[in-house]
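Next come the structures, one after another.
You will see chain A twice below: alongside chain B first, and alongside chain C after that.
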Partner chain A sequence: MKELVVVSGKGGTGKTTITASFTYLAKNKVIADCDVDASDMHLITAPDILNTIPFKGRKKAVVNEDKCISCGKCEPACHFDAISDINKINPIKCEGCGVCDLVCPVDAIDMVETIAGDLHISESRYGPMIHARLRIGEENSGQLVTLVRQYAKIMSADRKKELIIIDGPPGTACPTTSAVTGTNLAVVVTEPTLSGLHDLKRVTDVIKHFRVEPVVIVNKYDINKNMTDKIQEYCNEKNIPLLGKIPFDKVVVEAMVAGKSIPEYYNGELTIIIKEIWEKVYKLLTEVN
Partner chain B sequence: MKIAVASGKGGTGKTIISTSLALSLATDKNVHYFDCDVEAPNGHIFLKPDIIKEEKLGIDVPKVNLDKCDYCGACADACEFSAILVARNKIMVFNELCHGCYACQMVCHVDAINMEMHSTAIYREGNAGNIHFVEGRLNLGEPMPTPIISKIKNLLPKEGLVIIDSPPGNSDSMVEAVIDTDFVLLVTEPTPFGLHDLKLAVDTVKLMNIPMGIVANRADLGTKDLWDYAKKENIPVLMEIPFLRKVAEGYSTGIPLVDVIPEYREQFKVLYKKIESLVSEKER
Partner chain C sequence: MGIAHELILRWSKVIDPEVNIDVITLKLIYDLDVDDKNMIVNFKFKPTVPTCPIGHQLALQVYYEVAKDDSIKEINMEITEYIYADKINILIKEIEEERRKKSEVKNHVQ
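Presenting the complex of A and B:
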């Protein structure tokens, strides 16, 4: 069983559009949507949720008003500015460290378990799918990402699938490293802009740091062919394969509105290009360990 | 006035809008631009600031004095983040898991723990014309953006107009960037992905009880569902920008929208006027 992850560094470069196309083209796979903060894959695959599992988050501090003597010790002890007006705790700011509980002389603070997200086990016309949603304002620590991947592995073993395709989160911090670590190949989707190149450099460094092989796709490459050349130069210099270039095409939005991936929606040039790229990705996947 | 520019979905044009707003208002206002998208800070590409100050930012992590430590394990028990491990006569601290809460230091009965800064990011400050520019830049491989955003937010000036470029999404890092501001400008595109993620962002901002408005970028792509949703939720669509190839090309080389099409400066001034009146409405 192999794992393929699609990431981007910069948001909005077309990660989910490309991942959805790959999942349509791939046979015998499980889909794992690891963009748990703003997951969109389900808008294309329209999954039937078979089971939902709560994801436990950090504990949060709650003041027991009956016991509290308003001594004011907890407020300055909190390093996250979560306590104001002597004993009012803002749950959005509380990180659950328990320092307030430690300093409270009358044991008036309870550390309460919370649910930080929901993980879904689903079936879709594209195949089995694991996806999740972090609840609002919760810490995106990467733990939910890891959990999605674990369930995807279980699902993959159970259904005898040979591949897990992971839609990764944007950025470079913990959710990204959790999505990338231990995968067989990381596809980075970028765009020919200074921001795209800047964030491509950051994310490929992170991917290499975690000893995963990055490959690059330039989306909307014809918006600025000069910048596309610069990305090519960067990839050559760093010995990162640039697997393909996808032109800007309004059909991408049309397909999204129709709730379909590009190869499912449309039998034109864009689909041919994406198929070619997918074949290269698949070949690389079969070659790597 | 503090305005946060946010979006559920990434790549909808947050940085285009925040830099263009800053440039349009800097002619007659004291503008501070804070780039809080610390995982992918891109404001500098458009504002091209002269950096005059660079400092390390980080989290206070425990440093154990082994001459004093008696390996009692109280610190490890107190740590909610599993950042300390004590085993017989060994103690290990995992800096990247530490949140800097000081619980370990508080429970240490032999005073063996000092807190020292573990650098996880770079703070850069400078001037872009008459715009005061600040950015946080998370070191690669560092897992936690939120404490850095919090540190940068502590430096916000009391006076003048502050524009905060927020990270995408709706999790703790976005909340940290947006919280305690006067107004949130949500940048979206009217595609199904854009609308889906906008809804999550709207729910997040509601929780913080901050007035908000929408900028519809690439407003002619996708569907009209965005406007129906905005109307239903009673959130004003304050500005619409069509998809223009020359804007996308300008963006690709770091040219701000208002330099590609200077007429937009007036529109951003109008946008600010609308924001001002929405904020004062809320205060009343």
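Presenting the complex of A and C:
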């Protein structure tokens, strides 16, 4: 079983659009949407949720009003301004650090487990899918990404699938670490903008840090060919394969509005380009350990 | 089972709590070199990011997983790609020197 992750560094480069196209083209796969802070793969795959599992994040502070003597010691101790009134803790602001519990003289703070998100086991027209959603203001998205991947592996073994395609999160923080670690290949989708190039450099450094091989796709390459050349130069300099360039095309918007991936919606030039890129990705996947 | 295998098993229980993945799966330990004859262990450790807020904690956990084996005579651990690498490297060297001294005294007594 192989794992392919698609990341971007910068958000909004077309990562999920391309991942959805790959999941349509790939055979015998499980889909794992690891962009748990803002998951949107389900908008295209329209999965039927079979089972939902609550995700317990970091513990949060709750005041036991029977014990609280309203001394006010917890309020200045909280570095997150979560305690605005003497015995009221804002659950959105609470980071679960436990300092209030330590300073409370009468042990009136309980650190309780809370549900920070939901993990879904689903079936879609593209195949089995594991996806999740972190609740508003919740932390620990790195842990939830790990959980999504664990369930995807179980699903893959259970259904005898040969590939897990992971839609990774943007950025370079803990959720990206969780999504990239231990995968066989990381596809970086970038765009020809200054921030696209800047974040491409950052995310490829992160990928290499975890000893995974990155490859690059430039999306909407023709909106700034000068910047695309700079991305090409960077890839050449760092010996990172640039697998393909996808032109800007309004058909992408039409496909998204129709709730379909590009190859499913449209049988034209863009689909041919994406198919060629997918074949290169798949070939690399079969070659790597 | 060799020392290297034993260490990998132990390090597999050291979890980065932010991502809930162990340091072996994260590939944070590298250049592991074990001299089984002289019982010397050399390796490098890097946190997930240079600004890791629990880099110290993880580095010490990794070190103590080796240090709890009394039969290991010498541990040479180097922390890399971390903004406080210099500080934690000095700290671990001091702890290791102390461990070695205690071990020598124990051997003399026995």
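Here is the rule we use: the second predicted complex is superposed on the first by the 287 of 289 C-alpha atoms of A that agree within 3 Å, B and C clash if a C-alpha of one lies under 4 Å from a C-alpha of the other, contacts with A are read in each partner's own complex, and residues count from 1 in each chain.
Rule of thumb we're sticking to: contacts are C-beta pairs under 8 Å (C-beta built on N, C-alpha and C of every residue); 3 or more make two chains touch, one makes a residue touch a chain.
Note that the structure is predicted; figures quoted are calculated from it, not measured.
Colleague: Clash or fit: how do chain B and chain C relate after the overlay on chain A?
Modeller: clash
Colleague: For A:Asn140, decide between first (touching chain B), second (touching chain C), both and neither.
Modeller: both
Colleague: Does the superposition put A:Gly72 against chain B (first), chain C (second), both, or neither?
Modeller: neither
Colleague: Please indicate which partner A:Pro54 is in contact with in the superposed arrangement: first for chain B, second for chain C, both, or neither.
Modeller: In the superposed model, A:Pro54 contacts neither chain B nor chain C.
Colleague: Pick one for A:Thr193: touches chain B only (first), chain C only (second), both, or neither.
Modeller: The first partner, chain B, only.
Colleague: For A:Gly268 in the superposed arrangement: first (chain B), second (chain C), both or neither?
Modeller: Touch status of A:Gly268: no partner.
Colleague: Check whether A:Arg211 is in contact with chain B, with chain C, with both or with neither, and answer first, second, both or neither.
Modeller: Once the two structures are laid over each other on A, A:Arg211 reaches chain C alone.
Colleague: Between chain B and chain C, which makes contact with more of the residues in chain A?
Modeller: Of chain B and chain C, more residues of chain A lie in contact with B.
Colleague: Regarding the shared-chain residue A:Cys174, is it in contact with chain B (first), chain C (second), both, or neither?
Modeller: Both partners, chain B and chain C.
Colleague: On chain A, what residues does chain B touch that chain C touches as well?
Modeller: Common to the two interfaces on chain A: residues 140, 142, 172-174, 177, 206, 209.
Colleague: Spell out the residues on chain C that touch chain A in their complex, using ranges where they run on.
Modeller: So the residues of chain C touching chain A come out as 17-21, 25-27, 46, 48-49, 81.
Colleague: Can you list the residues on chain A that touch chain B in the complex?
Modeller: Listed in rising order, the residues of chain A that touch chain B are 8-13, 16, 37-38, 40, 43, 58-59, 77, 79-81, 92-93, 95-99, 102-103, 134, 136-142, 170-174, 177, 191-196, 198-199, 202, 205-206, 209, 220, 223-224, 226-227, 248, 250, 253, 256-257, 259.
Colleague: Which positions of chain A touch chain C when the two form their complex?
Modeller: The touching residues are 140, 142-143, 145-147, 172-174, 177-178, 181-182, 206, 209-211.
Colleague: Of all residues in chain B, which touch chain A in the complex?
Modeller: It is residues 8-12, 15, 39-40, 42, 45, 60, 78, 80-81, 99-103, 106-107, 138, 140-146, 150, 167-175, 179, 191-193, 196-197, 200, 203-204, 207-208, 221-223, 245, 248-249, 251-254 of chain B that touch chain A.
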